[in-house]
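Each of the next two complexes has subunit A plus one other chain: subunit B in the first, subunit C in the second.
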Partner chain A sequence: MKKLFNFLASYGFAVVLLILLTILTLFGTLEQAESSLYDVQNKYFNSFFLTHDLFGIPIPLPGVYLLSVLLFINLTCGALIRVPKEWKRPGMLIAHFGILYMLVAGFVTYHFSTSGQMTLFPQERSNKYQSYYEWEIEIAELEDGLYGRHWVIPGEQFIDMDVEDTREFFHPDLPFDLMLENYVPNTMPQPTPGDEGVEGFTLPAKPLEMEAAQNAAGAYAMVLDKKNQEVQSGLLWGFSVAPWIVTVEGKDYAIELRHRNWELPFTITLDEFIRDLHARTTMASNFESVVTKAEPGEADRKINIRMNEPLRHKGYTLFQSGWGPQNAGPGDRLFSTFSVVKNPADQWPLYSCIVIAVGLLIHFLQKLVSYLRAENRRRAS
Partner chain B sequence: MSPSPFIRKSLALLLALCLFPSLSFGAEREPWSKEIVNLFATLPVQDGGRVKPLDTYAQFTMLQINGKRSFTTEDGERLTPVPWLLDALFYPEIASTYQHFIVDNYDVISAMGVEIHDKRRSRYSYDELKPGVDKLMSLAREYNEIDAKKRDLVQQGVLDLTNNVFLFTQLIHFMDFAEARFTVDGDTALAQAFPEEEGLPMSVTLERAMKVLGTLRGNPDNLDDAAINAVVADFSKLLEDLEAPAMRAQAIALFPPSDPEAKEWQTPADVMASAIAEVHGAPVSLSMLGALEKLPALVDDRAAFTEAAAQLENETVALATERGEYKKVPLEVHYYKGKYIFYSQWLYVLSFLVVAISWLIPRSKWIHYATPAAVMLPTILLIIGITLRCIIRDRPPISTLYETILFITATAVLVSLFIEYVNRQRVAVAMASFLGMAGMFIAYRYEVKEGVDTMPSLVAVLDTNFWLATHVTIINIGYAAGMLAGAIAHVYIFSRLLNFKKDNKEYYRSLNRMVYGVLCFGLVFSTVGTILGGIWANDSWGRFWGWDPKENGALMIVLWSLVILHAKMGRYIKELGISQGSIILAMIVAFSWWGVNQLGVGLHSYGFTSGIMNALVVYWAFELLVVGLGALVWLRDRNDAVASKSATAS
Partner chain C sequence: MRPIASALLILPLLLSACSEPPARQEIPEVREPGEVRREAPPKLDVRQRLGMRSDSAMGSSQGVDDPLGGITFHHEMPEGWEKVPNTSLRQVNLRMTDTPEAEAYFTFLPGGGGGLKANLNRWRGQMGQEPLSDEAIAALPTRPIFGQPATFILIDGDFVGMGTEPKPDYRMYGLVLTYSDPQSQQDQAFFLKMTGPRAVLEGQEAAFDLIASSLHAVAPGDEHTHDDDHAGHNHGAEGDDHAGHNHGPEGDDHGAEGAEAAPMTSPKAAPAEAEGEVGYSWNVPEGWSEATPSMMRLANLTVDGHDNVECYFTVLGGTGGGLEMNINRWRQQMGQDGLSSEAIAALPKHPLLGGDATFVTIDGTFGGMSGSTSQENFRMYGLVHVDESQAFFVKMTGPQAVLAEQEAQFLAFSESISLGPVAPAAEAPAAAAPAPMAANPHGVDDPTPPGGNNPQGLSWKAPEGWVDGGERLMRVVTYEMGETQCYITSLPGEAGGVNGNLNRWVGQMGEAQLDEAALADLPKISVLGQEAPLLDVTGSFTGMSGGTQEDYRMLGTVVPAGDYTMFIKMIGPDAEVGAQKDNFVAFCASITQ
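So, the complex of A and B:
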């Protein structure tokens, strides 16, 4: 046991982990010239293991997630448990504690944060934001054209499907089962003259986009009436403008494949979007959205969200992240896009930065003093 | 990168400009007087989103076209940017004969069907290029559709040359409007405002036409429809006449708008458009246009020319001052006139010579004092230069890639000088001198290569002095330390390789202390800077860490510094290993500083630059070689140790 502890706390283990982290960061950076950032993150940085292709030779490597966990253990054993006996170096203790804190922040962010976007035209309002990458299928009961009860199939229940796979979903409150097949992570419906596909369209697989947010998933869907086993076929596509409407036992249901949605505890109305350009250029000097935040029991509040000045409220942060349409001419109505993030560890990196900076400063000032003394001694001798 | 719509528009305008012969205001010319040059140098203009002296505009335009800031005519006259620009504006025929278009590859010239010079890299005149301009434009249209990353050197060369030809063509036609004369014939109310037989210059024409239109507004004379239509027809005809020469005057926005709310300065073309339609902001006083208009006719009467230029300068400066946009203009002229960066570069070269002499006569007392002084002098100039830039821009020291070079050089030199002050080994001062020289050389090459204003307007995300002052400054101090540690490590490895001071262990210990100290110094700044970058990203883009290439580069610096320090603490490496590790660290710094920009991806797109990959590869190859030489030293040490062991045993 002691041997294991010594190994986990050793400088050698730390060095190996740090070298591997450096190499993976390098590989993950170079890979971005070829693949989307999202795919690179999943392959190199959010993974336990991966295989890197180095000039055609596959090299198995641990992922950054695993390395971070091991580094956390190494730091805890080496820098906090074993080293405190040396109180001559308080700076190192503080700095290592700060790094541990930051690793925890990274862990919390990775597992417990949500991030997405909200796009509004002036005078539009919303209390929802959508994931950039994650998919879900929503089934909603329609009553007089309005959405009633709804059920959601989370993406993790179908995004692992291969194009040949078929998967069935059911719920006791629904009068039908939903069956998916031909799931493709990126597609564009193509009209087909033959019997192939559904409703005259096929969903051929497309290569993944460099910008992962531009991938449009799709699948053939079948609704099986639980009572009479009647089958209705339709097509679900991530970027379709309207849901697929089916009627089962006299009731209408809207079925939609869409980016995952989350609700905010408040509503945002875009009052005005401002885009300033540097004079006589097409370079923006400022993006700014004037919004009104409304929530039950509180007075409405007007807020300006601009680059570097987000809105932070109730654990959510809204950032000015984009605008469009990109081909808009002068006087065209512009929409504003906000990045919305819910991150319990939002400000932890700031706190850890302060802790690390204090620790490093103490330590290296001590080092500087001893260096100056050593040089003085050398020159004196 | 997608094809540029700007280029498409530019090509259309270029075609239009090329159809007009350049006017000749004077076939021969006497050199521009100092007074005229000064008047124009301090003339404020708006370019690239900011108000700057015409001197700055001229410098970077010349740099872009000519590849350097001076040009020697066939008569042996050395032209600096402002006189060169004045020639283009007022002696277009003469300027068209100047061989100032730098072309790196003569395949570009042969592609446009023009006779090539003997040398691959050569300079051509507008007159030489003109027969091939049609072909050049058709090639540019074709190559503009190719993704920027996939263009070959000739294709990129064609696009660059097209831009330069376009820019120059705009300059030589800029004053065409001043020669044009306008009148309105007939007996309408508009025609009655032009009783002279001869045509009138643009400013007077606009003034009269606007006056008539102003009077007719509301129809106080109760003109019938036919009379109104006749005025409208005359006015349309006048507009057509005005448009052609005015549209050629778009290169320089030199008239501040009189409306304090309007942001955009105006070119002569804008003045015409706004005077007529009031679509381009409030119309400026036409007297400034009149003052500019007078100049070509006075070009051979330098006293009168100077007087008219002074009137233009006075009016422009008064209005710019009133708008609060002139304050920094004289300082910017001073910054470039002072040539702080230029002198700093050459004084660093000189300081290196002094350092070399100090090695030859190590016991000389005067050289003992002269060496640090020789390095201090260019450093002071460099610091003055950086400070002036901060004042001119109202910004912290770094907001562009060019400024990182100046700042990193100054930081590395100052840290070296501090180390020299502490240990007096004359190694750090030599490093200071060498790094100063290398840094200034890179700054010069980069400025020439880019050929654009090094004090540009900033994209929205960078418009924050708080983060520029904290994250950007701190991370660049980390870069400086990484480069310096690597540089000192070279001294260690080469000293060992060449057995320099072989028996002086203290010399090596001292070198190692320097490398280690700078590493620790760098680690503090790299770590804090990287995390601050994350915090900024969290405020701008909504995430602390996004594995963006620039972020990853900074992280790699921190990780590798930690590798070296922990490997040292674990006794896996000693002095030699620390030096080798530090050289690898410098390679990583180069990757983060310049290399990631070559990937062409990520959110830090404001730092992208191109064409430096070759230099980087050479640098990395050299550094790997030095690390390899370090390994040779290690092998030699090991063999020596084994040999001495066996000798002792026997």
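So, the complex of A and C:
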């Protein structure tokens, strides 16, 4: 046990981890020439293990997620537990604590944050934001011409499917099971003659896009009535303009493959979008949105969201991220797009940097004082 | 120390390898509707859901929808470019396959979109360039689009899109055509734009010109004075000129005006799209001849000895613009004022495809769609029938004296049009999706009940060693043997025909298409009591998922069986399929209905 602790707390282990982290940062950066940022993040930084292709030779490597966990253990064992407790070097202790804090921030961000976008035209309102990359399948009950209860299958439950896989989803309250087949992460439906495809279309796989938000996932879907075993088959595609609607036991259900949606605990109404242009160009010199935030039990509040001045509320941050449509001419109605981020560890990297800076400052001051004392002693002697 | 390190690194790998996701999973999230409930979406067919109301994958032209009202735009696809989904402002949207940041798109704006100068200077602004004066704009070269001279501009600079960082060393090719529609008196603007890194676009000017010169609007009415010259005209198979012609579906759902056509009328004037998925048949009256059908004209007839007389039959999806709009448009073409709703309602009726079509006779000066040549003392007979999902038009134009003699033939021709068998066509659109199916787990030797994936109630005997592959969409049954699969599919109707499907399969194997003789020479096997051709082809298999498998072999047969067509196919590695060939033949022979 002691051997294990000594290994985990060793400088040698820390050095190996830091070298590996440097290599992965380099490889991950180079890989962005070939793949999208999102894919690179998933492959190199959110993974336990990966295989890097170096001039055609596959090199197995630990992922940054695993290395970060090991680094956390190494720092905890080495810097906080094993170091002498008599506060001889409090600065280093504080700096190491700051690094641990930053690793925890990364962990919390990875596991508990969500990010997406909300697009509004003036006078529109919404309490939802939509992921750029993640998918979900929504099954919604339709009643009296309105959406009713809905069941959501998060992307984690189907994006790992291979094209040959089939997977079935069920819920006790649903009168049918949903079976997926031929899931492809990026596709463009093609009409097909003859005996293949569903609803007259196939979903041929396309290479992933450099910009991951442009990938359009698709799958064949089969609805199996639990009572009479009747089957309806249809096509789900991420860029569909409307959901697939099936009728089971006399009730309509809308089934849709779409980018993941999350709800905000408040509603945003875009009152006005302001865009100033540089003279005689279409380059925006400033763009900002005047919004009203409404939530139950609180008075409505008017807020300006502009570059570097996001709206932060209840753990959510709304940044002004874009506008459109493209090629809008003078006088055209413009929409405003907000990046919405929910991250409990939003400010933790800032705090951890402050802690590290304080630690290093104390440490260097301590060093300076001991140096000056030593100098004085030398001069005195 | 080293074993500890190894254990630390390997443990998570082992843990992750143990967690194979289950094939049946519970849906974890249930959300109750909020206070503000969304309106239920409309129930749309698959093409509408996919934003592809037109058939965009036929032939070389790429059809897209016009969100402004049904007009579609087609063009030739330059090499190295591909289509991406349209947006509300991009009725054609392309990008380079290798350089996705290089894009080309076409925008049609009713209302003029701000005019020539404002748009050219806006583009120059996007490229960080100073605006041009009126004189400088007037001196810009022109290039054709829709057969009209459009202002061409080439701008190099740092490109700034909407709210994005400047992209250095970019190039933009642009064409702007502004046009005032004489019918609607409305300004229209057409923009074709290509942007991308300058180094890439320097070699793409020809691609830009190809798109521009081939771009043409799909006429959204039954009026097409300019026949399209694209592939896809599947004329009837029979050679008889005078009776019972069967016309297969058009290769492309949409008619299209030739590149020389004038710009479209406003979308409001003709909001419709064409469909031709159903075959029709008709009798050709005595003294009439058939001309080549066009994209829009399923039947195209002339009267012998009178070149200036034409009669044609058109089917459009949707309402085709509706009864009143079409009749008044026709009257306008004949130089007549429009009729009131009451007057149109009072017009006589005549049977057309089982419905009461409105019959109209209009005398006047015929301007046609292009309006280029006026024909005095002309007459038009028209029949319009609009049902829930389609609009049918029969129309005849010619000199009054000639048409007065031909009225009875016109009405007889119209009455003879009926839904007929579809001629086999390799590129025929897919058969409609079958009605909801019943899942039917089946034993190997047990006859399976009719309905579901097996509406014909087929039964069969599976050879030894074949493993049931479970329920698959659209398949009657699937068996697996190693990597090899064998499955039966059945579709209503001819579903593309025997030869069309065999050649499609040959294409999936990367092999050259078989001609009629080669198809006729294929060995025969016994299926459902008839002789069916056995396709046996080896090559690189590219399935519907797009992946390619080398050294594959396919055995397949297509069997027309009355009102449905059965497909039996085995696909897998060459050696495996070779070993199963006898079993495949025995399996086919064992199928009974």
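Note that the second predicted complex is superposed on the first by the 354 of 381 C-alpha atoms of A that agree within 3 Å, B and C clash if a C-alpha of one lies under 4 Å from a C-alpha of the other, contacts with A are read in each partner's own complex, and residues count from 1 in each chain.
Operating definition for what follows: contacts are C-beta pairs under 8 Å (C-beta built on N, C-alpha and C of every residue); 3 or more make two chains touch, one makes a residue touch a chain.
Note that the structure is a prediction, hence the values are computed from the model and not measured.
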Checklist entry - Are subunit B and subunit C a fit on subunit A, or do they clash, once the structures share the same frame? => result clash
Checklist entry - Can A:151 be said to touch subunit B (first), subunit C (second), both, or neither? => result second
Next on the checklist: Under the stated touch criterion, which partner chain does A:45 make contact with: subunit B (first), subunit C (second), both, or neither?
Outcome noted: first
Item to check | First, second, both or neither for A:283, with subunit B first and subunit C second | outcome: both
Next on the checklist: Taking the superposition on A as described, I'd like to know which of subunit B and subunit C A:357 touches: first, second, both or neither.
Outcome noted: first
Next on the checklist: Looking at A:240, would you say it contacts subunit B, subunit C, both, or neither? Reply first, second, both or neither.
Outcome noted: second
Next on the checklist: As a test of reading the superposition: which chain, subunit B or subunit C, is in touch with more residues of subunit A?
Outcome noted: C
Checklist entry - First (subunit B), second (subunit C), both or neither: which does A:265 touch? => result neither
Checklist entry - Between 8-16, 62-70, 152-160 or 206-214, which run of subunit C pushes into subunit B after the superposition? => result 152-160
Checklist outcome for this item: So the subunit A residues that subunit B and subunit C both touch are 280-281, 283-284, 287, 321
Next on the checklist: Please output the residues of subunit A touching subunit B within their complex, sorted ascending.
Outcome noted: 10-12, 14-15, 18-19, 21-22, 25-26, 28-30, 32-33, 37, 40-41, 44-45, 102, 105-106, 109, 115, 277-281, 283-287, 307-310, 317, 319, 321, 339-341, 346, 349-350, 352-353, 356-357, 360-361, 364, 367-368, 371-372, 374-375, 378-379
Item to check | subunit A residues touching subunit C - in the complex, by the definition given at the top | outcome: 3-4, 7, 13, 48-49, 62, 66, 70, 127, 139, 142, 145-154, 157, 160, 163, 165-171, 173-174, 179, 181-182, 184, 188-206, 209-211, 214, 216, 220, 222, 224, 228-235, 237, 239-245, 252, 254, 263, 280-284, 287, 321-330
Checklist outcome for this item: Within their complex, subunit C touches subunit A through residues 1, 4-5, 8-9, 12-13, 16, 21, 23-34, 36-44, 46, 48-52, 55-58, 83-85, 87-89, 100, 107, 113-114, 118-119, 121-122, 125-126, 128, 130-131, 160-163, 166, 191, 426-433, 436-440, 452-453, 470-474, 489, 491, 495-496, 500-501, 504, 544-547, 567, 569
Checklist outcome for this item: In the complex, subunit B touches subunit A at residues 46-50, 253, 263-265, 422-424, 457-461, 463-464, 467, 506, 510, 513, 517, 520-521, 523-524, 527-528, 531-532, 534-536, 538-549, 552-553, 555-556, 559-560, 562-563, 566-567, 569-570, 572, 588, 591, 596, 599-602
